[in-house]
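The same chain A turns up in both complexes below, where it pairs with chain B and then with chain C.
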Partner chain A sequence: MAELLNVSGLEVGFQTDNGLARVLDHVNLVIGKGEIIGLVGESGCGKTTLARSILGVLPANSARISSGSIRFDGRSLLEENAADLANEIRGREITFVPQDPFSSFNPVFTIGDQVDELMKWKSPEAPLGSGRRWYSPRRRRNDRARVMELLRTVQLPDPEGILKKYPHEVSGGQRQRLMIAMALLPEPKLIIADEPTTALDVTIQAQILKLLKRLATERDVSVLFTTHDLGTAYEICDRITVMYAGQEVESAPTEAFFAAPRHPYTNRLLNSLPSRDRGITGIPGQIPGLIAPPAGCRFHPRCDLASAHCKASRPEITEAGARHIVRCFHPVLAKEPS
Partner chain B sequence: MAGLRFLLRKLVADRTAALGAFIIMLLIVVAIAAPVLSTHPGDVTEFHPPERLLPPSLEHFFGTDRMGADVYSRLLFGARITIAIAVIAITVSVLIGVPVGLIAGYYRNWISDGLMRVSDIFLAVPQIVLAIAIAQTLGPSIENVILALSATYWPFWARLVYAETRSTLNETYIEASIALGASPWRVMLFHVLPNISSSVIVRTTIGMGGTILTAAALGFLGLGPPAPSPEWGRTIAESREFLPEAWWYATAPGMAIFFVVMGFNLLGDGLRDILDPRTRRSSDG
Partner chain C sequence: MTELLRIDGLKKYFPILNVWKRRTGWLKALDDVSLSVTKGEILGVVGESGCGKSTLGKTVMGIHEATDGVITFEGNDITHLKPYQSRELRRDLQYTYQDPGASLDPRWKIGKSLDEPLIIHTKLTRAQRRERVSEILNAVGLPEGHLDLYPHEISGGQQRRVGLARILTLHPSMVVLDEPTSGLDVSVQATILNLFLDLQKQFDLTYIFISHDLSVVRMICDRVAVMYLGKVVEIGPTEEVFDTPRHPYTQSLLAAIPQIGKARVTETFWLEGEPPDPGNLPSGCRFRTRCPKVAGRCATEMPELAEKRAGHADACLLVE
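Showing the complex of A and B:
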């Protein structure tokens, strides 16, 4: 599979009053063309920071990228000029589906106005380059046809009517469908979906996920999908990467991930899914602080298998199977499905 | 325009706001048609000492003043001065305060701090004292009242817009437009300003009431337009020595000020409810 995005050795820190919080510590992530990657982890493990680093929208006053590279489709996102990236990559090649569809629309404009604004600047026909630009009637017509077609594809009832409405007049599920439609309109190569269904109820979640997967597959768009819900990741992802305390600890194709997880953390994570015979089991301990993270493996204070070696030195990425990597000195060999 | 029709329908439905709008429309009509509606249009400058301090009658609806001029006619012409002062002073305040607030809210650097500290200094001095000081220094005239009011009122809009801009900038849709490469002025004018315009409109409407009160206070203290101007505050000041016998003399301008200020406040409150787009029903969209 051709490589689309390659994040390697990325380190991002946030300056806080108590010191530098190292939120991403040497993170690597590869996304192939047309691949749907699930980025799974607890709150605060760096999922959103990684997604934002790729988008280039880290808070400018507190975030520091100290090392690493992000290569996207032959371009280096950390080195290029910010204005060029905003114009040529962000919103065109890489689009974003936000977590909360309620605060993502501007409440004072109709949905149609906001879609038009997007198409004016970011439609596939829109010329590159910033500044004032002429929105020709012909392009407006083409864009309008494109919008209508896509709104029907995301199964919105009465697309004409919806464009005339204000955001608060449509339901959360419809808003998230609109968000997905807007993310697809510029015909991007990569969509970053940051927990796109957490704000929705379960039945709508399933519909939205199926829709996202179907559209991504049909259009050969890659998706980086962050979630803390393994079930959701299982539904739609081709490959799953688990993050823990700012590091990716395991990455494997979905089947292998659920059948044979290698990292102790992944194991505990899968075991903590509620089930009828076990009830709910958590992982003892809590995620470490990121200002002074534990030396060695960041998971060792919570790990049953930790040895002296784990406390002293940091495990590197090792191959654990076909396209399966793990960051552990003592990977679990094979897991009995429980 | 659908939006305007919607606004009017909502205004009519909200009785107190409709009352406020009615009072303000009446004020505007009275100010424009003062020469037609007044019974003694000449009395703004002419005096008839033999007819001084006559009680209200069919000839003089609100009686006559110490110079024998018709209080009713002078009241109508006073409305012109009131409107002119309030509208110009508020417009200037908005034109200064809104851009200052937008810029200070958008940027987070020394420009922002500088602008807000300046407005803090203005807010730290009591409004009326500062206005008196300015009007006193420059001398009594309409222009100086307007200047004094504008100079003391703009920080209110700067503060309001600053706070609203800061909170609006945290919204995902603003962040997204910045991330997509929208320039600062574009974000301020086309994304932030429409979101905060309802608060600005409401503040402006209510601010009109406050401005009229302060203008009347300056007139009362003799810092407004000089005699024989029919300015309401000045008229009340003149009437003091004839109270309580010539009660009509102070009552007419007093009631006028009261109703106009109340009208603006009622309308402002009504607009606050109406202009929040989140309370709109889908059929009205």
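Showing the complex of A and C:
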């Protein structure tokens, strides 16, 4: 599979009053063309920071990128001029679906106004460059036709009517459908979806996941799907990467991932899912602070299998199977499929 | 089994007001809900947002006043209580809010928040209160040192523990848990759920567990009530409801849960659209606008909740 995005050795820290919080620690991530990658982890593990680094929207005054590279479609996102990236990449080649579709719309403009504003700058027909721009009636008409077609594709009832409404007048599921439509309008190569179904009810979630998967497959768009729910990751992802305390700890194709998870943290995470057949077990202890993370393996204070070696030195990524990598000295043995 | 709480024909209507504060309709958040809870059981209440499950919990607590119907708790009618009477009641019947981070006073230390219910409801001395607080703190698994911390200094999971500790100091007999695990990570959720089960045994508690997370409900509840737009559409023992759901809404709700290792929901899910506006309900069965099995009489007849098998009731005209 052709490679679309390659994040390697990325290190991001945030300057806080108590010192530098090392939020991403040598993270590697590869996304192929048309692939749906699930980025799974608990809150505070750095998945949103990784998504934001790719988009180039880290808070400028506190975030420090100290090393690593992000290569997207032959371009280096960390080295190029920020203004060029804003014009050519962000919102065009890489688009974003936020977690909370309500706070992402401006409440005082109609949805139609906001879609028009997007199309004025980021429609596939819009010329590159910034500054004031004339929005020709012909292009507006073309764009409108494109918008209507996509709104029908995302199965919004009454697409003409919805553009005249204000964001508070439509339901959460419809707002998320609109967000997905707006993310697809610029015809991007990569969509970053940051927990797009967390705020939704389960029946709506199923519909949104179904829609996202269908559109991504049809249009051959890659998706980076961050979630804390392994169940939704199972639903739509081709490959799953688990993050813990700023490091990726395991990455594998979905089937292999659930059949034979190798990292102790992944196993604990799977066991903490509610299930009727076996009781659930939480993970003792807490996520470590990132200002002074544990030495060696970051998971060792909560791990049953930790040895003296884990406390002293830092595990590197090792191969554990076909496209299956794990960051652990004592990976759990692959179970026989039952 | 003794019946602890009984709800009969409970209704809660909220007025829909226009710009001039004139009533233009009613939002029927609870419409003729009847159920009972026996001592020592965990009753799950599930449904999508806006189905009235939180309103149910709040009306039972007296936070909302019922429009119609009767609520009986330990044999006494508690539907319309005077403020001083409901203060008495709250010692036995407690409610935990969805987000304890927001319901703890940010300017009070945890210790003070835990002390307050004892000051209000008991005549214990300071030393006795201190003892009771540390006993509860131990039960919910928090270190003693946390008494001197402020709510923002502890994690979300710990805030939930404090919220629980706060109501357990009074030794209530029944607790209404409103979305107690929403917004928690799965690993934290697992420990909190285990805590609920331990405390239930330890303090002989009865829970009403309001949640939208069906897999959690399946794991910890004895019985489950499924709500849709202000009505209970199915109620029965958890195993039965999850294994052989009768109502089409329950069936689609269950089909929407992602299950690792099973067929993918994205390939099998059939339900389309969203619940209708609760201020403008369809005639007849409320689920008919989305129901895959809808028949002609669904639009004209209102299905009633009927026990069609022992202990397992549903409200669908098409289920025999």
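Brief remarks follow.
We take it that the second predicted complex is superposed on the first by the 333 of 338 C-alpha atoms of A that agree within 3 Å, B and C clash if a C-alpha of one lies under 4 Å from a C-alpha of the other, contacts with A are read in each partner's own complex, and residues count from 1 in each chain.
Simple rule for what comes next: contacts are C-beta pairs under 8 Å (C-beta built on N, C-alpha and C of every residue); 3 or more make two chains touch, one makes a residue touch a chain.
What you see is a predicted model; the values in this text were computed from it and never measured.
Placing chain B and chain C on a common chain A by superposition gives a fit, with no clash between them.
Contacts of A:Gly282 after superposition on the shared chain: chain C is touched, whereas chain B is not.
In the superposition on chain A, no contact is made by A:Arg239 with either chain B or chain C. Judged by the touch definition given at the top, the superposed model places A:Asp100 against chain B, while chain C stays out of reach.
Chain A has more of its residues touched by C than by the other of chain B and chain C. Once chain A of one complex is fitted onto chain A of the other, the partner contacts of A:Glu169 are limited to chain B, with no touch recorded for chain C.
By the touch criterion defined above, A:Lys47 reaches neither chain B nor chain C.
The superposition places the C-alpha centres of chain B and chain C at an angle of 70 degrees about the C-alpha centre of chain A, rounded in steps of 10. Of the two partner chains placed by the overlay, only chain C lies in contact with A:Phe258; chain B stays clear of it.
Closest contact between chain B and chain C, by C-alpha atoms in the overlaid model: 6 Å.
Residue overlap on chain A between its contacts with chain B in one complex and with chain C in the other: absent.
Remark: chain B residues 108, 171-176, 179-181, 183, 191, 194-195, 197, 277-278, 280, 282, 285 touch chain A in the complex. Residues 42-43, 155, 157, 171-174, 201-207, 209-210, 213, 228-232, 234-236, 258, 268-276, 279-284, 286 of chain A are the ones touching chain C in the complex. Those residues of chain A that touch chain B in the shared complex are 55-57, 61, 83, 86-87, 90-91, 96, 98, 100, 103-110, 114, 121-122, 130, 164-166, 168-169.
Of all residues in chain C, those touching chain A in their complex are 48-49, 155, 185-194, 212-216, 218-220, 242, 252-253, 255-261, 264-266, 269, 271-274.
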